[in-house]
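One chain, chain A, links the two complexes that follow: it is found with chain B in the first and with chain C in the second.
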Partner chain A sequence: MSDVLDLETLDGPGRAALERLILTLADSKRLMGIRYSDWLLGAPSIETGISASSMAQDEWGHARLLYSMLKDLDRDPEAYEHDRASEAYASVSVLDDEMPDWAAVVAAMTLADGALSTVLSSFAEGTFETARSRVPKMLAEEEFHSSLGAAWYRRLAQAEGEARKLLTAATRSMLPALLAWVGADDEAARLMVRAGVIAPAAERLLAYRHAVRDLTALVDVDVDAVEPDPAWDPARGRAPGRPSEESVERARGDRNRALFVE
Partner chain B sequence: MREIVYDVFARKGRGDQLVHIGYVDAFDDETAKVYAWKTYDEENWFEMCVVERDAIIPVTNGEGHFAQLKRARDE
Partner chain C sequence: MTVLPLPVVHRPYGGLPKPATIHMSGGRDVWSSPLESAPQDPVAAVWEALNEVLDPEIPISLTELGLIYGVDVRDGVAEVRLTFTATACPCMEFIREDITDRLESEFWISRVELVEVWDPPWTSDRITPEGRAKLRGLGVSA
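Let's turn to the complex of A and B:
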């Protein structure tokens, strides 16, 4: 285990880089939860819908824990959770819009949730003490998401016709942006690597490709041959664009603003 | 898609009885485990397991739940 990071030693750009890392993870968790919640009643079976509901709750719990890490940087998590415009969200771009079909949900469950777990694993093994203590429980809960996603991915990949086509299309569509996000290697990401907060980009990409390689091969997608999407917004640590307004209204809790209890 | 019925058994504490708490429809053992854990999450179970209903062999020939299910299956 590496040494613990003394936050007092981080300069302005270092603190901004850590804030960006926490936010991209927290916002992605929140949006992942929304994407699961979209399918509570439209999933292929009651059991799958209940699992989607439970996973949505997991993701929102993880998001809450991640936002609260901003306190270590003297930031108010409540403002980040409830007062930002959609263009400020740092969530990974594949979660910006509602999934068009169950195959896309399965691809997101496997590839996007898997990307989050890859970066979180790196975060948990790094020098940021709060991540070391809080992230392992998230990763333990994520094992169920991974297991369900892989089972559904295999099932759809082995199906005839439309299901396999949709899964293949969703896989091809999501991977470039996810590889760019996992393998972020701009100045802010390198600052975090130098501080020991996360592993180098090449290691993160290696871990991610290893995690998804066998599954994507089932739909004839070689993850080692997929290039990361070059489109990048360094201010937020994600691709350009933003989550749909409706999603962000739900993430912020706009309809219940008067009833917030913190 | 073929679904398999799995019965779910759990115990709350180490010394408690293992009891039948419900069932899930799943397409393999992995999905059955996830569905069971996510569906029957009202307790912090010490132990939970699933078993394919077809693998349960009723010992009595009475009106018990599993004996009735087996008879219905065999008819």
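Let's turn to the complex of A and C:
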């Protein structure tokens, strides 16, 4: 797409929709980073823990760049990063709580991080110039997450017994909410589609299903047969619910509030 | 938006002293003395100065790493367009300070404006041949 969105032409609902889109991505990146960080010392190997550390770092770098896009809407990113309660977070619901096992982390690494990349790709190809200039770097970094996630997914899918069962369960549990998030088609999402900021819901869903189809087939889950979760909170662009208080305290940096240096 | 009652402290360095490492990074010990007279080509002179500012983690310059995307000098204000190797580069603050300190040591530069850009995304392809040679000498492949 070659047209560039003139933010002056966005009315109130349009600006609110762009703000919501940015927050769904930024908050999800924040939470994704926390979920990786939960496993720095609990991954199956030291090497994988180091990978989790690097991915956590990447996710928070992406979150920082995404929050800073709010400046284009005359919003203060710091207030959004550090001052909101958990019920205000717009992060995708599958990241609300700590992953129960490594198989769930692998499912999140591929399916949830992959969902973020699908929507980010659409954002990068849209009319919002700030996204077009910043998101490609994020996607380049995400290629490493995708490679590691796919390798682990294949490994667990081919394993005997419990590992495959846990991966299958995590896949079945996460997909409906992720499909709903990627394919958001409420009024705010449609406003962004009409402004050319993101692709239509059907295109996003097509891209996401294409990206994960071969992997989920390894655990006998047909992503084309999975229906998106109908539960939806249009105010935040996510399913009802909220991230755990402990997670949001970490996301906001509550323990460091007197020492913020950014 | 729900606003928490907890206050956020917005002060430079959170009211703390500047980071202790502020004067130790960027190859400061090898920086040239500031020019004694204004250069005829200020843009070239800025590039030359930046070529002395080293990455905080590996001893090759920011220009050799390909992190500097452009330079302009107008009315004593040096604008430096730069990127970082990663979105969460832990050395961002060091790099910003090192560039600013090196350039502001020049009397003909009154202010430095850093413009951070991500397009095109940095990859190792941007490392110059000179930078690659130095990295190889350090046992680092690139």
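The rule we apply is simple: the second predicted complex is superposed on the first by the 262 of 262 C-alpha atoms of A that agree within 3 Å, B and C clash if a C-alpha of one lies under 4 Å from a C-alpha of the other, contacts with A are read in each partner's own complex, and residues count from 1 in each chain.
Assume contacts are C-beta pairs under 8 Å (C-beta built on N, C-alpha and C of every residue); 3 or more make two chains touch, one makes a residue touch a chain.
Only a predicted model underlies this, so the values are computations on that prediction, with no experimental measurement involved.
Contacts of A:A225 after superposition: neither chain B nor chain C is touched. Applying the stated contact rule after C-alpha superposition, one finds that A:D254 touches chain C and leaves chain B untouched. Once the two complexes are overlaid on the shared chain, A:A88 sits against chain C while remaining clear of chain B.
In the superposed model, C is the one of chain B and chain C that contacts more residues of chain A.
Using the contact criterion defined above for the overlaid structures, shared-chain residue A:E78 touches chain C, although it does not reach chain B.
Using the contact criterion defined above for the overlaid structures, shared-chain residue A:A151 touches chain B, although it does not reach chain C. Only residues 57-58, 60-62, 64-65, 78-80, 82-85, 87-88, 132-134, 136-138, 140-141, 252, 254, 257-261 of chain A touch chain C when the two sit together in their complex.
Those residues of chain A that touch chain B in the complex are listed here as 44-48, 50-51, 53-55, 144, 147-148, 150-152, 155. Residues of chain B that touch chain A in their complex: 1, 3, 24-28, 30-31, 33-35, 37-39, 41. Residues 1-4, 6-10, 13-16, 86-90, 117-123 of chain C are the ones that touch chain A when the two sit in their complex.
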